[in-house]
C-alpha cells in the first residue's frame, strides 16, 4: 500500500527501505534534501514539502511521522491543513504516550485518526525487522496492517510458544495493537524501562567478574579502607569477552543484549573506547514516573536509570556531603584517588 | 570416554543421558536404587556404592559429583580412599566457589585433581545442552574436554559474533575453562546473580503494564492515599501474554527468559497458579556478598534478591515500624487492606 | 498581627492556637461549624463563610489556607472576588510546588500575592513549633514575618552551629524564605523525601536486629531454601525497644524520628497494633519525580517509596511472574508460606 | 575502678581522659611512647609493655583493647600469658561480631571473660559521652558497670520516653548489655549500617535541592540528552546551608547528623574542600552481609553502601559496558563530559 514518511533519519530511512523491499509505495519527505534524494534513487517518491507529500498520497492518506519527539507537534500542525477526514497519522518515534492521547483528541473532531507506534529495533531493524507496539482506533490500525506486517520481523525461526495454535497472531509476527491511543508508546516506554535494567544487570555482573582480581595485588591498609578479609578468594583474572560469549549458548541469561555485549567485548575487550558516561533518553524516565504514579514498585528499573545519572557525575554534591559528614563526626579525611 | 556420575537427580540423570547419547560410557551411582536402575536400562553401568563405582572406572578416573552443595563434603570424604593420584573429581553442582578452593587444596597433596563446573541449563539442558563454566588445573580440564564438549550445546544455529575467526573456541560451543579452582563456580554464581536481575526487570515491567489500568475505576480519596493526578493516563487493560510474545521478535529485550515468560503467560495469563512467594537459592546471595567484599556496586543484582526476600514477608517488622512512626509523628492510622 | 485561617483540621486549628498564644488576632473559617466554635471559645473571631472572613480582615489581608491539596483551587476561586490588590494568600498545606507557580501567576495580575509555605511539625507542632519553608515575593514574605516567627519553634535550646554569628537568622529560628513561588513547597517536598528514607533506614536496621535470631530454631532444608551457612552467628534475641532507647544518647544515629520510634516500641514492643501496610502521601512521589526530571540519582529516597508500595501488596503480580519463570526454567514449585 | 587501656589513638586516649575525669584509675599502653606519656602527664599510669600493664592491674583485671580490628588477635595472643582466670578483656574497637564469638570461645577454657563493646561517638565522645553496645557474660558486664556508666553520656537533658518509669535503665543512660558474645558489635554494626543510609538520605535530598536550578540555563538539545520538559519548574537557587540549618528546629528530619551537616555547610557552603570520594569502613558491609544471610530486605542500607563504592569509580567498567551496548544496538556515541 501507499505510505507517506516524514523524517528520514537512520530509523525513518531504513523503514522506507524495508517497506519498499516489501512492495509498498513510499512518498518521503525530510528537511534535508540529500536524505530524500537517496531514497528517490532507490525508488521512493520524493516530496518537496508537507503539502506536496499530502498531495501525492491518495485518500485515505497514511502518513508516518518519524521525527524527534520535540518536533512532532510542529509537524502535525503543518500537516493538518492538508489532511482530510479518514486520513491516518502515525507517530512512530519516541513520543511520550500522554502526547499521543492529546494528539488523538485534538485530531478526532477533524475525523483524522492518530495511531501511535512504539518501534524497537534500532540500527538492526532494516534487516531484522522492527518490533511494533501500536495504539489507537482499531479501524485505523487494521487499515495499516500491511505496513505493520512488512515492518515487523515476522515469525522467523523463533520457536513457537507452547499452547499457541492456529495461524500466527500478529504478536507472533512482531507487531501488536496494544490498546487505545497511547497504548503503543506506553508499552514501548515500559519496554525501554526493562531494557535499561537488563543492560544494567549484565553490566553489574560483568563488572564484578572484572573486579574478581582485587585479591591479587597488595591490599591497602589504612583507616579509610575497609579491609578485604580473604584476598585469596579474589584472585581471578577472567576473560570477560569469552565469558559473555560462553553465556550465549545454553545458559539462562542468553539474550540479544548479551549477543551485542559479546560483540562489543570481542572488538575491544577492555572497552577502552568508552569512558562510561552513559546517556539516557526519555523512556526510562517516563517508565519510572509511571511506576511512581501508579504506586508500582520498580526498584530495578529505577536504579538502572540512577546508575546512568551517577555515571555522568550527577551524584557529585551528594558524595561531597557524605565526605563532609564523615569529617564532621569522625575526623575522617578523604582518601585521594589512586 | 568413561565418566562416573554420583547423584542422579533431575540434573545428574539428564546429563548421563546426554553423555550416553554422545557415545560416552557412564558408571552411575545414587543412594536411590530406582534412579540407578532407570539409567542402567538405558545403557549405563550401575554401581552399588562409591567403592564399587571407583572400582568400575579405569585410571585415571573421572568422577562427576552432582549432589546438593551440603552433601559434597561427605561424598568427597567417602570417595577419597578409593581414588588414586591422577584421578579427577568434578563438582558440577551449586557449590560455593570458596568450597572449591578448599576442596582443591585438600586433595592436591594426594595428587587428585579437583575441577569445579558451574552448570546452567535446568530442566532444558538434556535437549538444549548445558552451559558449562569450569575452574581448575588446565591439564585436568583438558583431559575432560570430550565430556564437556558433549554436555555443552555446541555452536548450534546462533549467529557467530563478529570478529571471531577460525575454528570455534570452546566458549562458542558453550563451555569454558574460566580459571583456577573456584573460577567455574564463581562465574556461575555471577551468572545467577545476573539472572535474578534479568528476571526482576521483566517482572517489574510487566507488573507496571498490569497496573496501567488503575485510572479506570473510582479513585480512593482519603488522607492516607496519594491521589492519582491524572487517572485518564492510566486506562489501559493490556494483554500481558500478547505483549510478552510480541517482544520475542525484533525487540531489544528478547531473551530466553522472555521466551519462558511468554510461555508461562500463555498457559495462565493471570498466573493464578502462583502466590508470588519467590524462593532464592544461594548463588544470588553469594554474588551480592562478593560485590560487597570487592567494593563493586551491584544495586540491581542486590535489589532483585531483596525483592524475593520481601515477597516472602520478611520486611514485615520493618513495615510495622514505618506505620508506627507515621502514627507517632502525624497521628496517621493504617489503612485496612482493600 | 491579624490573620485569616481557612481550614481548621488538626494542623490549622493547632496553628491558630499557637498564633493566638503568641498574641495574634485570628479570623477563622471551616466548613465544619464545630471547629470554628471551638476556636471562638478560645478567643478567635469566627467567620460564617469566605466572604465574611475577608470582610472581617483589614487590608492588606493575610489569609492562610490550610486545606487538602485537592481543595486549594476551589478555595482560591471562592476567595478571589473578596480580595483586593495587596492582599496575601498563603497556602500552608501539602500542595505540589508546581501548583504554587500556577497560583502565583494567576493572581499576579490582580495584585494579589501568593505565598507557599511548607509546614513540618505534625501533631507536635502546636507545642514544639512548626518548621516553615517559604516561597514567594520577598515583600509579602517580609510582611508576614510576625506570623512566621510565632509559628516557628524559635532558637530553643538547640546548640548554635559553629560559625553562625550575630542575631539569629530566621533559619536558626525555624523559618526561611527559600526563594520565589514554589520554593517553599519544593523544599518541603524534598524534606519529606528525606524523611521517608530516614524512616526506612531505621526500619530496615531494626528489622535486621529482630531477625538476628533465625539461627536459634531448626533450619529448613529443602531445594527451595537458601541454607544458612552459620546458624551460630544468628542467635541473638535482641530487645529492640531498649536498643532504640540506647541510641538516643551519644550515638551517631540519634534523631527526632528515633525518639518517636523508641516511644512506639516502648508502648508496644512487638508493634502488634500495626499490620505493616504503609501509606504514602504525595511528597515522597513528587521528590522522586523531581529527581528523575533533573537527572539526580536518588536511590534511597526512591527505594523508601517503593518499600511502601510493596508493603501494600503492589508487587504481587511481579512476584508471581518470578515464580512462574522459576517454574519454567527449573521446574521449581513455590514453597507454601510458613 | 581500675582499668587497663591498650591503644591510645584518638578514641582510646579520649576514653581514658573521660574515665579519669570520672574518678577511675587507668593503666595505659600504646606502642607509641608519646601517647602513653601524654596520658601519664594527665594522671594515668603508664605501662612499658603488655606484661607490665597486666602486672600493674589488680585481679580480677579489666583490660580494654582499643586497636584496629586487624590487630586484635595479636594483642590477645600477647596478653594471654599474663592473664589469670576471672580477668576480663573488652574489645571496644570495630571488630566483626563473629570475631567476638571466636575470641570468647577461645578464652573460655582459661576462665577469661571476653566482652565486646561497640562504641559510637567519634571525636565528640570525650565531651558528649559514648553510646555503648555491649555483649558477653552477664557477670563480667555487671562487673564493668562503673566503667560503662562513666563512658556513657548519662540521661542528659534528653526528654524521657513516655512510658519509661522508675530509675533510668542503662539504655536511658546510653549503655546496654545487648546479649551474649558478639551482641554488642552486632548492634553496633547495624547502627553503622543505619548511619550510612541516614547520611545518604540527607546527601541525596540536598543534592536534589542543589540541582533544582537546572532549568535556569540553556537546555542541551541532542539525541543523547533526555529533554527537560518543564525548565520553568527547576529555577531555584537554594541556599543549602540555610535549609540544613532550618530543618534543625521543629522538622521531622532533625537529627545529630543534620546538625553536623549544617555545620559543614556553614563552613564551606559549596563543600569545595571535598572531592566526593567516600570511604567506607567494614560495618556497613557486614550489615548488608548479615541482611543477606538472614534473608532480610535492606535496600536502603545496601544502596547507601553502593553509592559509596560508586563514588570511588568502582562502577567504571559497568558504565563502559552500558555505553558499549548502546553503541551496539543504537549506534549511540557517548557524549563527552561537559
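The letters A, B, C and D name the chains in turn, as written, and every chain counts its residues from 1.
In this section, a residue touches a chain if its C-beta (ideal position, glycine included) is under 8 Å from a C-beta of that chain, and two chains touch if they have at least 3 such contacts.
What you are looking at is a predicted structure, and each value in this text was computed from that prediction instead of being measured.
A.B. asks: Note whether the interface between chain B and chain C is symmetric in residue numbering, meaning over half of all numbers used appear on both sides, and answer same or different.
C.D. replies: same
A.B. asks: Taking each chain's centre as the mean of its CA atoms, which one is farthest from the centre of chain A?
C.D. replies: In terms of C-alpha centroids, the chain at the greatest distance from chain A is D.
A.B. asks: Identify the chain pair with more contacting C-beta pairs: C-D or B-D.
C.D. replies: Between the two chain pairs, C-D has more contacting C-beta pairs.
A.B. asks: Please report how many Å separate the Cα centroid of chain B from that of chain C, as a whole number.
C.D. replies: 44
A.B. asks: Roughly how far is chain C from chain D, centre to centre by C-alpha average, rounded to an integer in Å?
C.D. replies: A distance of 29 Å separates the two centres.
A.B. asks: Find the geometric centre of each of chain B and chain D from their Cα atoms only, then give the gap between the two centres in Å, rounded to an integer.
C.D. replies: The separation of the two C-alpha centroids amounts to 37 Å.
A.B. asks: Among the residues of chain D, pick out those that touch two or more other chains and give their numbers.
C.D. replies: Residues 122, 200, 202, 204, 207, 211, 226, 252, 257, 263, 280, 285, 293, 295-299, 303, 306-307, 310, 312, 314-315, 318, 329.
A.B. asks: Using the touch definition from the top, list the residues of chain A that touch chain D in their complex.
C.D. replies: That would be residues 10, 68-70, 122-124, 199-200, 202-204, 206-207, 210-211, 221, 223-227, 257, 260-261, 263-265, 268, 271, 273-282, 285, 299, 303, 307-308, 310-332, 334-337 of chain A.
A.B. asks: Give every residue of chain A touching chain B within the complex, in rising order.
C.D. replies: Result: residues 97-98, 101, 120-122, 125, 128-131, 133, 152-159, 161-164, 169, 171-176, 178-180, 182-183, 186-187, 190-195, 197-198, 200-202, 204-205, 207-209, 211-212, 214, 226, 228-230, 232-239, 242-243, 245-259, 262-263, 266-267, 287, 290-291, 293-301, 303-304, 306-307 of chain A touch chain B.
A.B. asks: Across the complex, what residues on chain A touch chain C?
C.D. replies: For chain A paired with chain C, touching residues are 252, 280, 285, 288-289, 292-293, 295-299, 302-303, 305-307, 309-310, 312, 314-315, 318, 329.
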